[in-house]
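Note that chain A is present in both complexes that follow, paired respectively with chain B and with chain C.
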Partner chain A sequence: MSTATDTKRAERNAPAGERVADWADGRLGIYTLAKANMRKIFPDHWSFMLGEICLYSFIIIILTGVYLTLFFTPSMNEIVYHGPYVPLQGVRMSEAFASTMEISFEVRGGLLIRQIHHWAALIFIAAMMVHMMRVFFTGAFRKPREVNWLFGFLLLVLGMFTGFTGYSLPDDLLSGTGVRFTQGAILSVPIVGTYISMFLFGGEFPGHDFVGRFYSIHILLLPGIMLALLVGHLILVVYHKHTQYAGPGRTEKNVVGMPLLPVYMAKAGGFFFLVFGIITVVAAIATLNPIWSIGPYRVDQVSTGAQPDWYMGFAEGLIRVMPGWEINAWGHTLALGVFIPLLIFPLVLGAIAVYPFIESWVTGDKREHHILDRPRNAPTRTGFGVAWLTAYFIMLIGGGNDIVATHFNLSINAITWFVRIFFFAGPVLAFIITKRICLGLQRRDREKVLHGRESGIIKRLPHGEFIEVHEPLSQGDLFTLTSHEQYEPIEVGPTVDENGVERKVSLVKKTQAKLSQGFYGEGNQIPKPTAEEYKEITSGHGHH
Partner chain B sequence: MSSQDIPEENLPAEQGAAHGAAGHGGTAVVQRVDEDPFHDPGLPAHKPRIQDIDERAAKRSERTVALLFTLSMAATVAFIACFVVFPVDKLVYIWPFGRVSALNFSLGWTLGAALFFIGAGAVHWARTLMSDVEVADDRHPIAASPEVKAKVLADLAAGNEESGFGRRKLVRNTMFGALALVPLTGVVLLRDLGPLPERKLRETLWDKGKQLINMNTHEPLRPEDITVGSLVFAMPEGLKHDDHDFQIQIGKAALMIVRIQPEDIKDKRELEWSHDGIVAFSKICTHVGCPISLYEQQTHHVLCPCHQSTFDLSDGARVIFGPAGHPLPQLRIGVNAEGNLEALGDFDEPVGASFWERG
Partner chain C sequence: MKKLSARRRHPLAAVVVLLLALAATGGLYAAFAPADKAQAEETSQSLAIEEGKQLYTVGCASCHGTGGEGTTDGPSLVGVGSAAVDCQVGTGRMPAQQPGAQVPKKKNIYSQAEIDQLAAYVASLGAGPITPTEEQYSPKGADVANGGDLFRTNCAQCHNFTGKGGALTEGKYAPTLVGVSPKHLYEAMQTGPQNMPSFPDGIMGEKEKQDVIAYIETMNDPKKAANPAGFTLGGLGPVTEGLFAWVFGLGALIAAAVWVAAHTAKAKKS
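Here is the complex of A and B:
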C-alpha cells in the first residue's frame, strides 16, 4: 500500500518532460516503441550513408516543393509578360511560365528555393542509383530483403517520372520539347497510341491541359505513392536490422555497431543538415534550367543542344540511336524506330528489379543473409552489375550525342554508330573484364591468407637466395578474408539411374544447373584456402 | 520451385558453424582455435580516442562543436540581414561566378552555412565526444516459429468457418464479381479526359488558296522574298498568335521553305510540287515531332536538333541519317493572282510523328 502512494507521489514529482511522455505512453505506447528502437544498433560504414542522401534529398524536395506551390500557377492560359526581366517583356507565354519567372525574379529567395528543389531532385535520383549499386554489389538484396529491393526500385522509377513531370511544369522551350518527344513516343504505341495522347493532353498537342495535369501528378499522386514506399522501405530497414560487412565478431546472428541514441541521432541527423547545406550552396552558385534564357514553349520552335535531366538521358539515348524502322501494312503504321526504344526502356530497368529472384533461384539458397559480400567474391553478379551500368552509360552518351560531338569535335554519325554497336558489345566486354578482375582479386586474397602480407623487406639467405619477407595476417584479417561463402554449383546428376532407366530432368532444372555452373562452376570462383592448406604452408614445409 | 529439393550439403556451411560461434571471447572459440586457423577472434578491443583519455582534448572538441553551432546561428542572422538588405533585382560581379543576383547568392551561402554548420557540429560531437564502443545486438529470424504459424492458420480457418467464405461459394463469387466490376466506373469516368483522335492528326489548316504568311513579318510571302540558301518559316493565312488554338495549329501547319536550283532537285514529284525551285516542307519532324531548324544551304540537308534526324530537301526530304522513319511531308505550292505564294491544298499525308492509324 505504501508503495502505491510512493509511486503516485513520484509521478507527481516527475519532471515535466517525463509527465508529457507518460501522457503519450498511456495513449500511444511510446515507451514500448522506444524500448525496441531507441538503442537500436546500426553498423558503421561510409557506403551506408548513400541511402541517407536519398532520404534527405527527398525531404528537401518536399520542403522546397511545398514552398514553390505557394507561388506557382499551374495554368496554360496565355498572357503577355510585363515583369521585370526586360528581354521577355511583351512575349506571349503561359501563366505557368510567367509564374516561374515571378518566382525567379520577384519573389525574394524564390530563385534559390527553385534551384534547391531542382538540384535536390537531380541528386536524389543519382543517390538512389548509387545506393542501389551499393546494395547490388554487396548482395544486400538477398533474403530477407528482396521486397525492400523492389520498394527501392519502384522509388527509383517513380522518382524519374516525378522528376520528368516536375521539370515540364515551367512550360519553357526546353521542357516543352521534352513533353513533345513524350507525346511522339506515345503516338508510336500500336492501336491505342493516338487515344492515350488525346486523353493525356486533353486533345491535340500541346492543348491547354497538360501543365495542370502534370501538376497534380507531380505534387500529389507520385510523391504520395513515393512517401508510402519510403516509409515502408525504412520500416523494413529497421525491422530487418541493417546488414554488415564481414569482420571479427560479426556474424549472421548479430549486428555490430553503435546505438541510434545518441550516436546515429547525431550522425544521421547532422548528415541531413550537411546534405541540405551543401545542396543549398550548390544551388546558389550553379544555376540549373535558366528558363529566362530558354524562353517560353512554342511548339514550332526549338533550341540546339536540347537535353533532358540526366536520369532521362538513357531513354533519350535509346530514342536517338535507334534506326528509323517503320512498317506500313494493311493501312496501319508501326513506328518501330520509336516503339522499340519505348519497350527496351522498361525492360532494361526491370532487369535490375528481378535480379534478386534470379540469383536466389540459381543458388537455391533459402537462408537469410545479413553479412555483405565483397563484390570480388561474387564475380558473376558483379560482372552483371557492371555490364548493366556499361549499357546504361553508353546510352547516356547516346542521349548526349550532340553535346559529345560539339565538345570533342567528333562526328555525330560516328558517335551514334559507336553507341549502336557498344550498347551490345560494351556489356559483354565489361562482364568478361569485371569477372577476370574479381577472380584476380580473389587470388590475391588467397595469396595473402596463405603467405601473408608482403612486407617490403628483402632478406638474403645464407646460400645467396633473396626472398621477400611475408608477414602473417592478424587473426581478424585471416577470418575476414576467409569468411565468405562459396556455393557449390548445382549438378543435374546422372540422367540414367543405376538400373539404366532414363531419368527425366526438366528444362527448368537444366537451366538452373547451367546457370549455377556459370555462377559458381570451375573457373568462376577461386576456391578459398582451406585450413589444411594453411597449416601445411605455415608448418614450415611449404616454402614458397 | 525446383530449387526446394537442393540437398542441404550443397549449400555452403553457415558462417558460425564453419568458424566457431563468434562471441566475445566465449569458451567455444577457444576450443576451436587449434582446429581452425581462420576462426573468428571476436570483436576487437575498443581503441580509446584522445578525447577518451585526455580531458583537455575533450574540452577542445567541446569548444569546436559549440563554435560550429554558433557559426550556424550567425549564418541564420546573416541570412535574415541579406533578405532585408539586398533588393531582389541587384546584380553584382563576383569572381569566378560572373554577374550574379546579390540576393540569391548571399541567401544561398548564408542558408547553406546555417544548415551545414549544424550538421558539422552534430557529426563532430558524435565522432569525438560520444561513445564509440561497438556493441553487438542479436538478430532473430524474420520468419515466425511453427507454433505461431499454426496459430495463424488456425485463426484463418476459424474465420473462414465462421464466415462461410469457403463454403458459400455463391456469396464469395458474386462478391469477387462486384469488386472486380466496380473499378470500371473509375475507368469510365476518365473518358472525358480528351476527345477521340478521329481525323485530328490528319488535317492541318493548309487548304487550297491559303497564302503562305512569313512567321517573322506576318506578311504574305512572295517568290522573290526567298533566295537560294535562305530558310524561311511560314504559317497559313488566317492564323493569329493570340488564337486560342494557335499552339495546336502551328504544331501541325508549321512550314519551312527553301529555294533550290530546279536542276538540283532530284525528286520528280518534289519538282512538280515546287514553284520555280521554291519547295515547302512540314517543319515538324516525322520522328517524334520536334520542329526542324538546322539547314545546311550547300547540301540542302536539314537536321532536327532533338534527335539528329537528317533529311535531304533536294531529294523529297528523304531521311539520310537518324531515327526518323519517313520523309517530311511536302506542301504543294503555287502563286496566286497577287503574286503571293499559296498552298494548292493540304498536306497529302499526316505531319509529325508516326501513329498506328497513319497508314
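Here is the complex of A and C:
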C-alpha cells in the first residue's frame, strides 16, 4: 500500500519532461526505439554529409513548395495581365503565368520563396549527383548496398523529372519551349508517339491541360514516390550501418565514429540550418528563372539561349549535336535525329546504375563490404566513373553550345563537331588517363610503404654521396595504405581436360574471365607490398 | 583709372585697342549676322558629300570600291542609305579591321559630323533608308508591353529574351543590345546590318519600332531595369544559373560540410 503511494508521489514529483516521456513511452514505445538508435554510430567524414545536403535541400523544397501551392493557379485559361509589372501590362497569358507573376511581385515573401524553391532544386540534384559519385568512387554500392544504390539512382532520375515538371508550371516562354522539346521527343517514337502526345496534352500541343497535369505530377505523384524511396533509403542506411574509410581499428565488423545522440543530432541539426541558410542567401542574391523577363509562353515565339535546367542539359546536348537524320518510307517519317537521342538518354543514365552489378559479376565476390575503397585502388571502376562523367560533361557543353560559342568567341559548328567526336573519344581517353593516374598513385603508395615518406632533408655521407632521408611511416599509416584487398583475376582454366578432350567453357564465363583480367590482371593493379617485402627492406640493410 | 591713363601712350597701347576692337566686331557679327539658310544648306550638302567622298576614299574604298560599287571583299553600297552608314560606322563596326565571320563592334573613331558626311556621300550613290530623326526613334511614351511582344516574336530567336545576344552559325552571332543607343537600334531594324534581316516600315512601322526600342531600354538600362531578384547572372538563362548553383550553391554547402566534419566532438576527459 505504502509502496504504491510512494511511486505515485515519485511520479508526481518527477520533472515535467520525464512525465511527458513516460506518457509517450506507454503509448508509442519510444524508450525501446531510443535505446536501439540513440547510440547509433556514424563515422566522421565530410563526404558522408553529401547525402545530408540532398536530404535537407529536399526538405527545403517541400516546405517552400507547400507555400507556393497556396498561391499558384494551375490553369491555362487565358487572361490579360493587369498586375504591377509594367512591361507585361496588357499582355495575354495563362493564369498559371499570371499567378507566378503574382507570387513574384505581390505575395509577401513570394519571390524569395520561389527562388529558394528553385535554387534548392538545382542544388538538390547537383548534390545527389555528387553524393552518387562519392558512393560510386568509394565502392560503397557493393553488397549489401546494391538495392540502396538503385533507390538513390531512382531518386536522381525522379528528381530530374520532378524538376522538369516543376519549372514547366509557370508556362513561361522558356519552359514552354522545353515542353515543346519534350513533346517533339515523344512524337519521334515510332507508331505510338502521336497517340502518347495526344493523350498527354489532351489534344494538339499545347492544349489546355498540361499545366494542370504537370501540377498533379509535380506536387503529388513524383514527390510522393520520392518521399517513399527516401524513407526506404534512410532505413537501409540505418539497417546496413554506415560505411567507413579504412584505418587502424576499423574493420568490416565495426563502425568507428560518434553516437547519434548527442553528437550527430547536434551536428546534423546544425547542418540543416547551414544548408537552409546558404540556399536562402543564394536565393536572395541571385536571380533564377526571371519569368517577368522571359515572358509568357506562346507557340509562335521562341528565344535563343533556351536551355533546360542543368540536369536536363545532357538531353538538350544530345538533341543539339545529333545530325537531323530521318527516314521517310510508306508515308511515314522516322525522325532519327530526335529518336536516337531519346534512346541514348536512358542508356547513358542507366550505364552508371547497372555498373555495380557488372562489377560484382566480374569479381564474383559475394561478401559484404563496409570498408570503403580509395578510388585509386580500384582503377578500372574509377576509370569507368570518370569516363561516364566525361561523356555527361561533354554533352552539357553540347547543350550550352550557343552560350559557349558567344562567350569564348567560337563557332557553334566547331563546338558541335567537338561534342560529336568527344562524346565517343572523350570517355575512352578519360578512362585510359584515369587508370594510368590511379596506377601511378598505387605505385606511390607502395613506394611510401616500403621506403617511407620523402623528408626533404638531404644528407651527405662520409664518402661524399648525397642521399635524401626517408622517414618511415607510422604503423597506422602503413595499415591504412595496405589494408585494401586485391582481387586475383578469374582464370578460365585449361581448355582441355585431363583426357585431352576439349572442355566446354561458356561464352559468359569467357567474357567474365576476360573482364576480370582487365580489372585485376597483370598491369591493371599494382601489387601492394607484402609483409615480407616490408621486413626485408626495413631490416637494417639500409634503404639504398 | 589713373593706372590706365598713365599707360595710354605705351608703345603697345594701339595694338591692344586694335585687338579689342577686332574681337568686339567679330563677336557682334557672329551673333547678329543673318545666315542665308537655304543657300547654306545647299552648299553644306554638296560640301558634305564632297567631304564624305574624301573620308570614304580613305576608310572604305579598299573594300567597297572607289565608287561604292562593291568588291569581292565588301558589298555594294548603292542604295543602302544613310541610316546603314550611320549605324555601322556609328557603332564602330565599319570600317572593318579584318575580314571574319562577322565584323565586331569596336570603338568608333569618327566624329558624328564625319559620319554624317560619309552617310551623305553613300546616300548620294542611290536612294535608301534615311538616318532617322530623334522624333522617329525616341522611345518616349511608347508601349513597352507591345514592344516586348514584338521583341519576343521577331528578335528573341537571335538576340535572347531581353537582348543579351546569342550565337548564329559558323562563328556569326547576334550581338548584345545592352547599351546600344535608340538611334542605332532603329537604324539596325530599318537596314538589317550584316547578318540581321531588315524590318522596313512596311513590315514594322515607326510606332512598333519605338515600342521595341522602349522594351530593350526598359529591360537593359541599369537605371530602369531594377531587377527585383538580385544579380541577373548575365540574363543568359539556365546555363549560367546551373553553373552558379554548382559553384556557389553546392560549393558553399560542401565547404560547410567540410567545416562541420572537421569540428568533431572531443571525448570527455574523465
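Structural remarks
In the analysis below, the second predicted complex is superposed on the first by the 529 of 544 C-alpha atoms of A that agree within 3 Å, B and C clash if a C-alpha of one lies under 4 Å from a C-alpha of the other, contacts with A are read in each partner's own complex, and residues count from 1 in each chain.
Following the convention adopted for this analysis, a contact is a pair of C-beta atoms (placed from the backbone, for glycine too) under 8 Å apart; a residue touches a chain by one contact, two chains touch by 3 or more.
Please read all numbers here as calculations on a predicted model, not as lab measurements.
Residue contacts after overlaying the shared chain place A:135 against neither chain B nor chain C.
When the shared chain is aligned, chain B and chain C each come close enough to touch A:274.
Contact with chain C, but none with chain B, is seen for A:122 once the two complexes are overlaid on the shared chain. Which of chain B and chain C touches more residues of chain A is settled by the count: it is B. Contacts of A:285 after superposition: both chain B and chain C are touched. By the touch criterion stated above, A:482 is placed in contact with chain B alone, chain C being left untouched.
Within the superposed three-chain model, A:395 lies out of touch with both chain B and chain C [touch as defined at top]. Once the two complexes are overlaid on the shared chain, A:361 sits against chain B while remaining clear of chain C. By the touch criterion defined above, A:54 lies against neither chain B nor chain C after alignment on the C-alpha atoms of chain A. Looking at the shared chain after the overlay, A:300 reaches both chain B and chain C. Shared contact residues of chain A with chain B and chain C: 44, 105, 111, 115, 258, 263, 267, 270-271, 274-275, 278, 284-285, 298, 300-306, 401-402, 412-413. Of all the residues in chain B, the ones that touch chain A in their complex are 1-4, 6, 10-16, 18-19, 21-22, 24, 35-44, 83, 88-89, 97, 101, 103-105, 107-109, 111-123, 125-127, 130-139, 141-142, 190, 193-197, 200-201, 215, 233, 241-242, 247-248, 250-252, 254, 283-284, 287-291, 293-294, 305-309, 319, 321-326, 352-359. Residues 101, 143-146, 148-149, 152-153, 156-162, 164-171, 173-174, 215, 218-219, 227-233, 235-246, 248-250, 252-254, 256-258, 260-262, 264-265 of chain C touch chain A in their complex.
Taken together, the chain A residues at the contact with chain C in this complex read 44-50, 52-53, 86-91, 104-105, 111, 115, 119, 122-123, 126-127, 130, 173-174, 258, 263, 267, 270-271, 274-275, 278-279, 282, 284-290, 293-295, 298, 300-310, 313, 399-403, 405-406, 409-414.
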